[in-house]
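So, here's a batch of structures to check.
In what follows, chain A forms one complex with chain B and a second complex with chain C.
This part shows the complex of A and B:
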């Protein structure tokens, strides 16, 4: 639907470098990256608010690089909601309809329907300054949806909301995407949001697109160490392949030996990515298990977080495991507890430093 | 009767209780910093009040003379002329200065922008006589702009347009800088959202940016108008006649003496204070949207 072909642009000292991406109709496309990576600039470039220095932007195979924002058929919702403070909620929602020349009566009916749909009918005559964050968010979304955009652009829409409102809003967005078939591009630095909503993900770091593809693939089998770190892989270990038999490699990582599934050959430098969810802990010597990686270690710390706990284990290399709080209690895990740690070889994603192609392993 | 006694007692009791509470609170919340700031600021306000009181004492000792001067057609005409010329200058500033202020607010920092900003500020840093000379040389009969305008029948020397143009020149930085600050305070995100919703740049400016800057527009206009009607040296260079109020006071001081000029000045002070106070009161809530909770 919309594609960036080697787009570069400069904004003060910041540069977006050679970005190429393709967003298909009906995608829920996430642009993720650390703060200051250029996510919002990329979003604004899609909206036509920044003119690229080089490269082309295509909408349905037609070049729109120089097309002004008002003619692109996109709607933008910022992190701060950016409701017009001089207008009531109803006026905000009808703004896009009004500037597009819709008849007053028709616009009023349309707005009433939208306010009803987003559950903010009772706020129609209120000014944005008197609304809560969640109410402002819904009003901003209603305003954006009112113009029936081809693409809805969301700039970190959940970051200023409390956890309960966030959950509600995630449901709203999911419904909007599913029921309306709307193409949504969302900027976020939250991996959780990406896991919950995205169909495709682009990772941008320091103005460069470092990974792009199906959400499951990008989030679970990252292309590089920095992407792995950003998408939230808890255990990242550098090592060297010592042997490989039929794609079953032995990797030496800081004195510990891991078995993983990869095409990497002996002597090749690799990075091992292990999700904390895939690490199993047992107290004592451990039992016989099908897991190919079993090692003794000592609990370093236990940090409870909601229903789960993050347990750090020193097993030569420090590895993190995520357990339920009940498991922590049953195993009486406290710092200094000796444990046996196991990981299936197929649960290890191997990044081959010699190749830019996505590694195998999961 | 009985009820009255009881309610009177209650009232007295209530007053005593609130007085005690007030005394206790006063002891508890002594903010010496704010008190110090009030004293320092008060000294500044005090000087102005003292100067006016000094003049008022002399004027109110002879109210008949004050009324005679204040109601003379010459003084009333001059005050009206001054206020109107100031208002005309402000209208021109709103028309030409608002777009300039917007461009300055939204353009990225550059050497060119710095030069334009310095040019805008020139009337602030120049002696008023120099400002007057600049205006005179440009708009005099043989001036670069005065000559072509003269050919179409618009004269500036010793004429109302000359007064307006001199006022506009000296008051422009007050309006442009205040307006620019107002535009800078409107988040660019609001404009971006309006654009993506289908509004052109001008529609966005007209429906979002300008309404949100109205408060600064009024402030800038009041400041510029105040600066314009108070101008003397800048105006007399190009338009000694017709008399604006500052020229009339100077003329009266040099011809009639201090008493008449003081009476005119006192009249102007009273009227100006009243007008500015009213304008400030009227625009108190203008352009405020975020704090209506």
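This part shows the complex of A and C:
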């Protein structure tokens, strides 16, 4: 639907460098990256708010690089909602209809329908300053959807909400995407939001697009160490392949030997990525298991977080496992508890430092 | 007057106000007329120019805004002197015959407060953040609609600037003294009347007019705080 072809642009001292990406119709496209990476600039470039120095922007295969924002069929919602404080909620929602010259009666009917759909009919005559964060977010979303955009652009829409409201709003966004078939581009620094909502993900670091593709692929099998770190892979170990037999490699990493599935050859430097929920803990000696990586260790810390707990284990290399709180209780896991830790060879994603191609494993 | 002249002056001043002394009423009405008209005219000029300065990028924009801010503190006697020279018989606008008339005083006060209103308009519009401007544009607003929306959103801050301008106009004495000449029944306003009557030891009239001037200032402040609360 919309594509960037080697787009570069400068904004003060910041530069967006040579970005190429393709957002399909109906995609829920996430742009993730650390603060200051250029996520919002990229979103604003899609909206036409910044003119590229080089490269082309295409909408339905037609070049729109110089097309002004009002002709692009987009709507933008910022994290601070950017509602007009001196307009009521109803006036805010009808703003886009007003600028399009819609008749007052028709606009009122349209707005009434939108307020109903977003569950904010009772707030129609209120001013934004009197609303909660969640209510403001709904009003901002209703205002954006009112103009029936081809692409809805959201800049960290959940970051200013409390956890309970965040959950509700994630449901709203999912429903909006599913029911309206809207193409949504969302900027976020949350891997969790991307896991819950994204169909495709782009990772941007320091103005450069470092990874892009299907959400599951980018989030679970990152292309580089920095992407792995950003997408929240809990265990990242640098190592060297010592042997490889039919794609079954032995890797020395972090003072331990791991078995993993990769084409990397002996002597090659690699990075191992192991998700914490792929690490299994057992108390006492390891029983026979199909997991190729089994090692003894000691619990370093247990941090409970809602229904799960993050358990750090010193097994030569320090590895993190995520368990249910019930498992932690059943195994009586406390610091200093001796445990056996196991990881399947296929659960280890191997990034080959010599190759820019996506690694293997998982 | 055998008692304390200040206390007696106060008592007489209250009497002058309560009994709607014709001289007090006339001076007050003239003051309000001149300063309100000057504020209205200055607003008509300063608001669009302030908006242009805010919306258009040009070389030296920062210098222009800094200059405007410097002119906030423009000495009133300097403005009075300049306007006097321009409106006098030897000046280029002498043919307008505005010197020593309320019209000339309106011109002087207008010139005095235009930099303040322009600067405060730029500041008020700058209060609308970048995200809001981008949101307006991305929602499909044309350039004109964007400008109109931003001005409408900043209207309370702009209004506060206009009130401050009126406050400066009604309270100043330098320009109206020089350009108006403080002529009884023609160009005498609250501030010039206070100055004259104080020098003539006519404290009761000075205090009465002072109380009215303070009342106007207080009224402006009350409206200002109500506006700023929005």
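Here, the second predicted complex is superposed on the first by the 362 of 362 C-alpha atoms of A that agree within 3 Å, B and C clash if a C-alpha of one lies under 4 Å from a C-alpha of the other, contacts with A are read in each partner's own complex, and residues count from 1 in each chain.
The definition used in the following text is that contacts are C-beta pairs under 8 Å (C-beta built on N, C-alpha and C of every residue); 3 or more make two chains touch, one makes a residue touch a chain.
Not measured: the values here are computed from a predicted model.
Colleague: On chain A, do chain B and chain C fit together or clash when superposed?
Modeller: clash
Colleague: Contacts for A:278 in the overlay, against chain B (first) and chain C (second): which applies, first, second, both or neither?
Modeller: neither
Colleague: Just chain B (first), just chain C (second), both, or neither: which does A:100 touch?
Modeller: After superposition on chain A, A:100 lies in contact with both partners, chain B and chain C.
Colleague: I'd like to know which partner A:130 touches here: chain B for first, chain C for second, both or neither.
Modeller: After superposing on A, A:130 lies in contact with chain B but is clear of chain C.
Colleague: Just one of 2-10, 38-46, 74-82 or 146-154 in chain B runs into chain C once the structures are overlaid; which is it?
Modeller: Only one listed stretch clashes with chain C, namely 74-82.
Colleague: Mind sorting out which residues of chain A both chain B and chain C touch, each in its own complex?
Modeller: Dual-contact residues (chain A): 44, 47-49, 69-70, 74-78, 80, 82, 84-86, 95-96, 99-100, 143-144, 147, 153.
Colleague: Can you tell me which positions in chain A touch chain B when the two form their complex?
Modeller: Where chain A meets chain B, its residues are 12, 44, 47-49, 68-70, 72, 74-78, 80, 82, 84-86, 95-96, 99-100, 127-130, 143-144, 147, 149, 153.
Colleague: In their shared complex, at which residues does chain A touch chain C?
Modeller: 44, 47-49, 69-70, 74-78, 80, 82, 84-86, 95-96, 99-100, 143-144, 147, 153
Colleague: Over in the complex, which chain B residues touch chain A? Could you list them?
Modeller: Its residues touching chain A are 108, 187, 189-190, 192-200, 203, 207-208, 211-212, 287, 289-293.
Colleague: Which part of chain C faces chain A closely enough to touch in the complex?
Modeller: Per the touch definition, chain C meets chain A at residues 129, 131-132, 134-142, 145, 149, 152-153, 155-156, 230.
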